[in-house]
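Supplied in structure tokens, the structure appears directly below.
Each chain gets a letter, A, B, C and D, in the order it is written, and its residues are counted from 1.
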Amino acid sequence: MTKQLSASKLRSAYQRMLLIREFELRVERLFLAGKITGTAHLCIGQEATAVGAAMALRKSDALTSTHRGHGHFLARGGNPDRIMAELYGKRSGYSGGRGGSQFMADYRLGYLGANGITGGSLSLATGVALAARLQNSSRVTLCFFGDGASNQGSFHECLNMAALWQLPVIFLCENNGYAMSMPVARSIAGGSIVNRAQAYGMAGEETDGNDLEMVYRAVTDARRRAAKGDGPSLIECHTYRYCGHSRGDPCVYRAPAETVSWRKRDPIQRMRRILLTRGVMAPGEHRLLMQETRRRVQQSVAYAEADAWPKAASLTEGVFA
Amino acid sequence: MTKQLSASKLRSAYQRMLLIREFELRVERLFLAGKITGTAHLCIGQEATAVGAAMALRKSDALTSTHRGHGHFLARGGNPDRIMAELYGKRSGYSGGRGGSQFMADYRLGYLGANGITGGSLSLATGVALAARLQNSSRVTLCFFGDGASNQGSFHECLNMAALWQLPVIFLCENNGYAMSMPVARSIAGGSIVNRAQAYGMAGEETDGNDLEMVYRAVTDARRRAAKGDGPSLIECHTYRYCGHSRGDPCVYRAPAETVSWRKRDPIQRMRRILLTRGVMAPGEHRLLMQETRRRVQQSVAYAEADAWPKAASLTEGVFA
Amino acid sequence: MKTITGAAMLRDALAAELQADSAVMLMGEDIGVYGGAFGVTRGLLERFGPRRIIETPISENGVVGMAVGAAIGGCRPIVEIMFADFVTLAMDPLVNQAAKLRYVLGRQASCPLVVRLVTGGGRCYGPTHSQGFAAWFIHIPGIKVVAPSSIADHACLLHAAVRDPNPVVFLEHKRLYARREPVPSDLPDIALGTARTVCRGDDITILAWSWMAVEAAMAAERLAARDIAAEVIDVRSLQPLDMATITESVQRTGRALIVDEAPGNGGVAAEIGCRVFETSHEYLEAPIRRLTAPDIPVPASPPMEQLALPDATAIEQAAFALMGTLQ
Amino acid sequence: MKTITGAAMLRDALAAELQADSAVMLMGEDIGVYGGAFGVTRGLLERFGPRRIIETPISENGVVGMAVGAAIGGCRPIVEIMFADFVTLAMDPLVNQAAKLRYVLGRQASCPLVVRLVTGGGRCYGPTHSQGFAAWFIHIPGIKVVAPSSIADHACLLHAAVRDPNPVVFLEHKRLYARREPVPSDLPDIALGTARTVCRGDDITILAWSWMAVEAAMAAERLAARDIAAEVIDVRSLQPLDMATITESVQRTGRALIVDEAPGNGGVAAEIGCRVFETSHEYLEAPIRRLTAPDIPVPASPPMEQLALPDATAIEQAAFALMGTLQ
């Protein structure tokens, strides 16, 4: 079994979660204010999965994300300024404004990118793991994907190949109960995603995605298996997004009571209680952390606002390497 | 449980199997003789699956086939003359020579066609079942596919949707141990195809595909479930092709001893023994049946030889309905 | 005459088809209680029930394949692909199955299938949510391709597409969903394969479709103010093409400008350009001009996306240049 | 000079690349002990082992997606798609992932990937085993497309494709696998984006690629016997196009015949036709002529397939007609 997270790790996990939450809330407002256009999918409520998983990885590891990727990116250490600038479509954005919310990456961080195609990163991640195998590298690749993405054919194709070849990849499903408006009960025959691991003879684990420590442990174990050559794992993390699927989602497909009940399992509040109980954080400290976080987010907004638009002359540059 | 097959049914099943075997052996020779060009995948050794499954269906049911489709078509009552003419590329072929071995059908028979795309008919069959549901029809659709096809993404997508919507479809996998040169052990993680049914909460059954009665029973049961609204089934039939994958396959990927050992489980010889044991066929009768079958096949060759080529002027006709 | 948006017009047309023929069914992601990502199917689930308004998991390949199967089985499925970009996952059932059935299997087979693709840029959705692929589909014999620009045509072409016995790729432009236009209460029956002349003029022919036809019409107004009479033809049916209308116009004006929002290379504009040249080269007073997006992915950044996509101003300028009157 | 088949030439070239760079790897169905459906990879498994010669299940979408991932991860994957027709299952990773990476993610990202597609007709394999889709790929910015016709180019272009840092679709024609040609022992380095002049002539330019360039060369010989000097250009790189070579030739001859085995509508010939017209219309002494397959699926029946595909005779006739000398 994986050992407990240290106090400092717990603390920094909490800070990361706060950063993600505040960042996303701010993006929501910026959308409403018309400062950001296009689309963005926020992960408010899912912070523990992103941070718990990211913490279990090593620096040399890689991860791929989804359309709902800001949290994953921030959890991996992405720069909020450049993420925000990308959402604005500005020059210093991670993709120079070309990709927007669903298409940015930082390869130096091993963060291989969000993906506008539901399920699109399943095969990319598996391929990165295949490359690691070929290179005799110890790199493990983690692939975030949603419950909805698990219905794509490539889920089956990639789990099969990853299991056949015992690739060092972790398939981490953030089951937030819905794919847009489609509830899991109506989209996943048999009702369980983790059950599908069995069909491939793959290790499968189900966990509370709102419990950072449990996510951390599950991913740490999976990482160890992968690194040892014991093959891939499928982890299903149960979580919830409070926000709509994307901008302008009226959430008609779910009862407000459901959201309320999930609020009681809020990953951030839960962490706060743990930090307080374990004496990792003093009672008044939360306010300070919160202020600091908001300042950081505000700074990213200021950065994005001040940033220039991409150069018009660059429009057609860089299609080919 | 399904009741035993009557003597006359057993007899006609045997005749169908003989017809398929002789037809395929003849096609093989015609290829070598250069009478048939293009490609064809023969089902020599797999006759019991085709015939057993087809016998379990009703006239109003539908079935879809694969690239290895002659046996399925003949089992369903396809006209050998027109199948042979299609292989020759002649005018009276089922597709007027346009489709060849991998693309012919007879909708009036409910035989919806071979398919050049491995796994291509999985979604077609599921869609036909969906249509039956919408039409309140009692039609059940059976989808033949191979072990190799089960690795296509659409296998997952279709099993999932068929199970979610409890569609009247039977997924019948002819596991002949190989997809071209790829053995099941290296292509199916977990080693079993039928196990995947569980992941979708679907009925799954594994059977000896060289035993006509077992195939018949498994499909009859699945048909009953489907017709009653109890949803789809996945049936894995273990069988073997003696011949190469297609013309010119040197079979380097398997040991001759393997083929020899499967010959001992030959579906036709097995049926002959049953017919003799049960007194359904007199000892000398087999020779007569064989002669009759060869005459029938010879007739189809003569038909195809005598048939005209498609009209040149028809080349561009009929692209659109 | 009522004034109505593109999305509402499509919704009405879908409802009318569902009403008229019990074989018609809808398939797609989030088309039920959510009403579709762009609201096109809102209310249809309530009205026609879950047997006919079939909300699917995210399985584009399987869903389109099932729709082909349902069409073989006697239904008339209409599939919504939330963004055309995702049809990349469903090319096999369209190209290797649907498109081939009739030619190969003959009269026994038909495949009355409509695949609605949400296409185009202008919404800053970025490189994987702004594409169209019309050019791919015209290259596949056995598939028809239509792309309305007027709101009325959203209904007229949809009716024609649903009633057509062939697979039809129906390209809907996101920018047209919210556009409002007055529409007569009884719409004409139109045949697939007919273009629509948006405005008449004898100086230059501007060929466009989908949102670009809207931009072209705006450009024509501005050109009129500068004494250039542009004829705008909304091609609207990309396969089959109405070469009769196009040829008559180009031979009269002697000038052709073809506008396409997609990247130019290998685009529909190339096919039309070649055909115009083949049929009318002796009549041309100036070279044919293609005005398309540059050969780049569609960038998300608002000013960059705007720069990338042709618009009325670019059309006006290109037309001007073609008239030999440099600005 | 050794004489070698297309398949063997490719095999040698693959082996050389595997030898030269440990990042190169092969993926595909039956490419191991079977040696590939057309024998191209025969012996490579034995030589380079199963880590680098990766035999895959039948999962085209996943395999191509994994290859993109492997390229991101630092490998140089080469994927064999047994028949180009099956790439319909793998369009998403090519179009929405591979093609976009560089433009969107900038210098941090590159995607050195080669996808080998077995294309074309002439083997009676029927409608779902004879297609090519070159036109689809040239329409997607970020993808290069090559299609060799000479046996030497099977190696030269493969080398260039493997070393290119971009996704390259490599179209191999089935009919060239068994074709034998003498090939010099040291092959030149050639850059993607250069055409090859097969034979010189001042009367007419015939533009072709892949198997059609072979047919065009035969046609040119017959034309020579009839006193027509045809210049045959093997376009070979469809994206980027070598417009310099094409333009120089067409402006010199004043006549262009473009030959493509694919259906004409929306085909590569349309793009080339438009570009030739755009660059050279004042030089043209006759209209540009496209000679392509009709807009039908490729029929399996031997005489029908032969009728459907352009060949030397059809090219000769079309060239003759373009010269104004009706037969």
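Keep in mind that, in the parts below, a contact is a pair of C-beta atoms (placed from the backbone, for glycine too) under 8 Å apart; a residue touches a chain by one contact, two chains touch by 3 or more.
These numbers were taken from a predicted model, which means no experiment stands behind them.
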item	value
Steps needed, at fewest, to go from chain A to chain B via touching chains	1
From chain C, the most remote chain by mean C-alpha position	B
Approximate Å spacing (C-alpha centroids) for the pair chain B, chain C	41
For chain C paired with chain D, centre-to-centre distance based on mean C-alpha positions, whole Å	30
Intercentroid distance (Cα basis), chain D paired with chain B, Å	36
Overlap residues in chain D, where contacts from two or more other chains coincide	57, 59, 61-62, 85-86, 89, 92, 96, 100, 103-104, 127-128, 141-142, 295-297
Per-residue overlap in chain B, given as positions that touch at least 2 other chains	95-96, 98-99, 103, 116-117, 151-154, 157, 160-161, 164, 186-188, 319
Chain contact topology (line, ring, star, complete or other)	complete
Chain A residues touching chain B - in the complex, by the definition given at the top	151-157, 159-164, 186-191, 195-196, 198-202
Complex interface listing, chain C residues touching chain D	61, 85-86, 88-89, 91-92, 94-96, 99-100, 103-104, 127-128, 131, 133, 135-136, 138-142, 239, 262-263, 265-271, 273-274, 277-278, 281, 287-288, 290, 295-297
Residue ranges of chain D in contact with chain A within the complex	23, 25, 51-52, 54, 56-57, 59, 61-75, 77, 92-93, 96-97, 100, 102-111, 141-142, 144, 165-166
Touching residues (chain side chain A, partner chain D) in the complex	62, 94-96, 98-99, 103-108, 112-113, 115-117, 120, 122-135, 139, 153-154, 157-158, 160-161, 164, 318-321
Chain C-touching residues of chain A, taken from the complex the two chains share	37-39, 89-90, 93, 95-103, 116-119, 148-149, 151-153, 179-182, 186-188, 249, 252-253, 309-310, 312, 315-316, 319
